Amino acid sequence: MSKKSILGLFDTPDQGADALDGLHNAGFESHECDVLTGTPYPEGTFGEHVPQHRLFRFPLFGAIIGLTLSIFITTATQIAYPLVTGGKPILSIFAMLIIMYEMTMLSAVVTTVVGIIFESRLPKFNLGAYDTRITEGLIGVVVNCEEKDLPKAKKVFKDSGALDTKEA
Amino acid sequence: MATQTNIAKYSKATSELIGTTTIAPKKIKLIIMILSILSILGIVGIVLKILNGFEDKSAWGYYAATISFLLTTAAAAPMVAIAPTIAKADWVRPITRIASLFSVVGIVTALASIPLIFALPPLIVDETRRRSIWFEATNYSPHVWFALSIFGLTLCGLGLLYSSSIPDLAAMRDHGTGWRKKMGKSLSRGFIGTDGQWKSLKMRIGMMGTFYFLMLMFVNFLFSIDFALSLVAGWKDAIFPMYHAMTSLQSGIAICILAMFFARKYWGMENYIKVPQFWALSKLQLATTVLWFYFFYSAFIVFWYGRSASDQMVINLLIIGPYLPVFLGAFFLEFFVPWWILVWNPVRKSIPALAVVACLVLVGVLLDRIRIFVISWSTYSNEVIHKKFVPEENFPQFMAPSVADIIVFIGLVSLSALIFILSTRIFPLVSVWETHQSLLLTKVVKYVRTHVIAIGKPD
Amino acid sequence: MVTENKESKFKWGMAVDIDKCTGCQACVLACQSENNIPINTEKNFKNARAIEWIRVERYWEGEFPDVKAKFIPILCQHCDNAPCEPVCPVYATYHTTEGLNVQVYNRCVGTRYCANGCPYLVRFFNYWEPEWPESLKNHLNPDVTVRSRGIMEKCTMCIQRIRRTTRNAKKNDEELKDGDISPACVDACPTDALVFGNQKDENSRVTQMKNDKRSYTLLDNLQTSPNIFYLAKIDHDKEESEHHEEGTHH
Amino acid sequence: MQQRRKLSQKQINQELLSGNLKTPKWYIPTMLFLGFFVVTGFAVILYMFNTGLGVTGLSRPVYWGLFITTFVFWVGISHAGIMISAILRLTQAEWRRPVTRAAELLTVFSLLTALFFPLMHAGRPWRIVYWLMPYDFARGIWPNIRSPLFWDPIAIGTYLTGSTLFLYVALIPDLAVLRDRTTGWQKVIYTILALGWRGNPRQWLLQTVAGILLSALMLPIFVSVHSIVSWDFAITPSVEGWHSTIFAPYFVIGAVHSGVSAVVTMMALMRWLWKWNNHIRPEHFDALARLLIVVATAWLGCTFLELIFSVYGREAPEIALRELQIFTWPWNLLFMIFLFTGYIIPVGFWVFKKARNNIVIMFWTSILVNVGMWLERFLIIVPGLARKQPFTFTWEAYTPSLVEWYILVWSFAWVSFLMLLFARFFPLIPLFETKESQVFTSETKIGRATVPVIYREED
């Protein structure tokens, strides 16, 4: 049997939280359920499972790459064609520091952004069960489940006062 | 809105906090004894130094470093209370008192700097005016202005401490015992908490704070230039007063962290000074370590590229000269080690780790002060001061502190610690009225299925 | 941090005896024609864009009627610690092993940063494409590049002459003698105020003049360590009065 | 003090997307007007490329003039974005929310414009590739890492990339809103750009963490960029008035001063053009003005230090320069204008609460600040070159030519053009931050008073 998802739309956060509770009571696992909102709410507002992320590893990783690369570039380009300028040493460490710093930071920022997108599980252009009213303030609760469980979820939504339900 | 439980909370806080002035574990008494002895030794050391005369400037190098250390550390500590208060940060309320209590140390600094003012050479040396920021002003301008400004700063700090503790003194009047009750009565000057009194109190704290900040910058500016920079011929470094002020904030934060740590440990303030306060200060500490490197590098890169005779002299004398190990100590303890420790968020929330970092930073700042002031005072001589730069052959040798220097340092630090501890016998270590304000404005509320901290932001 | 290259036999330098300089501008003219420098029109001078690799600065000293003129020929000082070199982002200027500060026209993108770095103001920017009257076009020196607009140029110590002479000497297996090489300005100087030579040769005239007690370098507090040495003007009046004073003392 | 209005998300969408979902009436005429300057400006630049830099007013000692001044000016303006969005985000200032996007946008576009200037002022701009990056594999000569002019593209490139990515990350949720509201080709583009954003807790959590993490990363970059720009000048020992150690922090604080002022100008324009009175309120101007008073005073302090230390050495060339810069016609006029527009007039207004809350006054004072800040850069760069070293024989003056002035005008038109172009397709006020602010703020009653409350998540 194929996986299906169903979306229930609610007016207030309380109804959304009720629906999520209802789903849990009806035997849905928390990884099967998701809440869609048009704005961030405090963590755990809907009693949802607080997601874990590893975003902080990305900038660290990026910084190491950037630092290594910049040490290599600044050193290698100077040694490859040693030209004396102004009586400064060929490896002018104090000038190299600046470039190392900038490249480290650049690399850290780029990997962080990659990390943000990756950890947000984006891009994923198939929106699944979705409604444009979510960005207008409605709370969407989504269940991904076996097709046979759909009526059960729908009933929970109805009981919690859903304005509308949608399947995809 | 004030329910029964709330009133209980308030009165519990009041009695606990006022109790901090009277708790006297034996340890504190012992510490006070030891500190008193050390302080007396230190004062004797100062007297011996004065008897040796002011002619030999290099003998006063370590003394200047000590004064600078006290000035930068204790005088900057109240800034920890002032800056976040002006920025309306809510985490700062439990620690404003500890921070502003450090202004009493200003008395020690101001008095101890008097011999140094006498030791400072005049503007006109051998009938020729030496380079200074005073240009054509009268001969003893730096001496007079520094004396005025340091006493002004001290008075301003005491004023800040007093005005921010008036409601607490009123609380002591109502709930204290013995002489503290009497003192509370006379000092609180009839504060009963009317709307007008609160308004004028807040305005006074704001104004005193701003004024204190400006005075602190001014004192740093004068002290760093007149007592270090202008004693070295050819040292022209516009960022130096800012560097001095910044390291001063750095050590101010460090000493606050340390004081908070001890307040938790010996005064039982675990329920008032908590992780958020340490966390917030640790972020500031991290910022200052980075700023240390930034300010240092801004000057260094300019000298390194500029390479004129005086530029090179600055590097050779102050960085890679005979005091290189001291400089490296300052570099590692003010920047490198604390930075590496503090970048990790879990460390920033661990109180013992922060206390260790604070100690490291304080040692680093001390080494930095030794580097700057000992070099400046031992480089100064009437022959060299009028030259465009200090020639290599006039560079001083590394000078270890004499026994008198060490005694004076320990004595002055002990005296500062002593006066601080004694002042905690008068003022509650955590501000009572600000604790009440926190209780009133900050609470945990339920939000759908979770809890959030609701922070009231009046005005 | 002066880097003396030990491999090279040469470290070129020039000595300028201010006492001998009459301010006749012959050096300026010779340089102009040797190095294909475009003609400095009145307009160029007015816009302060004239290109003179060597210029004679004239300073008046004293009060009327007791006024003295002092002439200082100023050309690129070929500093060992040249402030112009490290600031170029593309290595268009660097220090050769023979102690010359050279400009690589091909590399130059014209940021003019080197000119800001130069305290002696001896670096010139081509604001326009250079132009010569038709009659002069065949007079250009074939050994010297004509610089296009948008790049910096400066005194090369007539590097084309240095190269030619050393090459010929090597070909003929001869030792280079002091005075074999001379830049155009040195050639043109009627009073022998300019002397060019190898500083590594102890006996060369330039080394001797460099070690003269009158010798100094321009703006020495910047510690650029130039390779052009100036010999101070002898002020006879002053000397006499000093003699006089000494006489009265004893 | 604050009139908070509860707006539904639908209302927020409607109000803030008003300029995106349909074209406002004033839009096309304005764009045509700006477009005229943009096109003719590019024509002038091409003319300059074709004829040579002779068309400028530059001369022998004054090799850098209006172009570099304008470069520094735009880099300075670019410091607005990170100042507002990073520092205020890290300090959790609630009032930052409506301004962050526009400020970041100003960063991106002003940096883009700033980059034009050093490149177009190069003698052979068609050859700059091997200046900007190590590419010359054939000859094996790489960029000179010792040159500050090579640090510049690296620093600005880092800052530009970083702030563009920062802008984009914070734009993703709003792109999803636009995706849901548009049809046709626009929807396709928004769909691709929104990357399939749905708004589940995971994505929102990452969005919040990203804001803090990227702010923390961008902050050091922000400081380094203008410091590096300042070192273009400061490391040169040959130019009097450039070789100062304070330049790095001085430039950074000045940049914040001009950048935040530019944000104020922009906020006033946003309020007037799109009628966003519900979102950009007088209290925002008030908060920014209070921030600006602090920044401006710190900046004035740096100016003071710079001036003091320039004459501190008592050297003739330096004094000659200051005489030209401050006392000689016409520089003295420029200096006075700089002092009055950069500090005295604006701060004189800002100390009054009424002026801070008056949008017309804020608009004009913020423009004055930027006039002053442009002049500041001009007064640093040009007089130093005009009075270079003791060779009085080669002292010169500088008058910018018409071409240079036109390119200056072009740069303003170009930045405004890009901003308006962006504003047509993307929301200038972040929708999700506005909505978040509705969720995270509330009110509570204490006695009879209504106190605004901010919710913070528990750690």
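Just so it is clear, A, B, C and D label the chains in written order, and each chain counts residues from 1 on its own.
Just so we're on the same page, a contact is a pair of C-beta atoms (placed from the backbone, for glycine too) under 8 Å apart; a residue touches a chain by one contact, two chains touch by 3 or more.
From a predicted model like this one, the values you see are computed outputs, not experimental measurements.
Once CA atoms are averaged chain by chain and compared with the all-protein CA average, the nearest chain turns out to be D. Chains A-D form the pair with the most C-beta pairs in contact. One inter-chain figure worth recording: subunit A and subunit C are separated by 65 Å, centre to centre, where each centre is the mean of the chain's CA atoms.
Averaged Cα coordinates give subunit B a centre that lies 35 Å from the centre of subunit D.
Between the CA-based centres of subunit C and subunit D the separation comes to 44 Å, rounded to the whole angstrom. For subunit A, residues touching at least two other chains, in rising order: 41-43, 46, 81, 83, 85-86, 88, 92.
Listed for subunit B are residues 301, 305, 307-308, 310, 447, 452, each touching two or more other chains. Of all residues in subunit D, those that touch two or more other chains are 141-144, 146, 150, 220, 235-237, 455, 457.
A complete topology is adopted by the chain contact network, contact being made between every pair of chains. Residues of subunit B touching subunit C in their complex: 305, 307-310, 312, 388. Residues 34-43, 46, 48, 50-51, 53, 55-56, 59, 73-74, 77-78, 80-81, 83, 85-86, 88, 92, 95-96, 98-99, 101-103, 105-106, 108-110, 112-113, 116-117, 119-128, 130, 132, 134-137, 140, 142 of subunit A are the ones that touch subunit D when the two sit in their complex. For subunit C in complex with subunit D, the touching residues are 47-50, 57-59, 74, 83, 86-91, 107-113, 115-121, 124-129, 148-152, 219, 222. Across the complex, subunit A meets subunit C through its residues 81, 83-89, 92.
Subunit D meets subunit A in the complex at residues 8-10, 13, 134, 140-146, 150-151, 154-155, 157-158, 161-162, 165-166, 168-169, 172, 176-177, 180-181, 191-192, 195-210, 213-214, 217-218, 220-221, 224, 228, 432, 435-436, 438-440, 455, 457.
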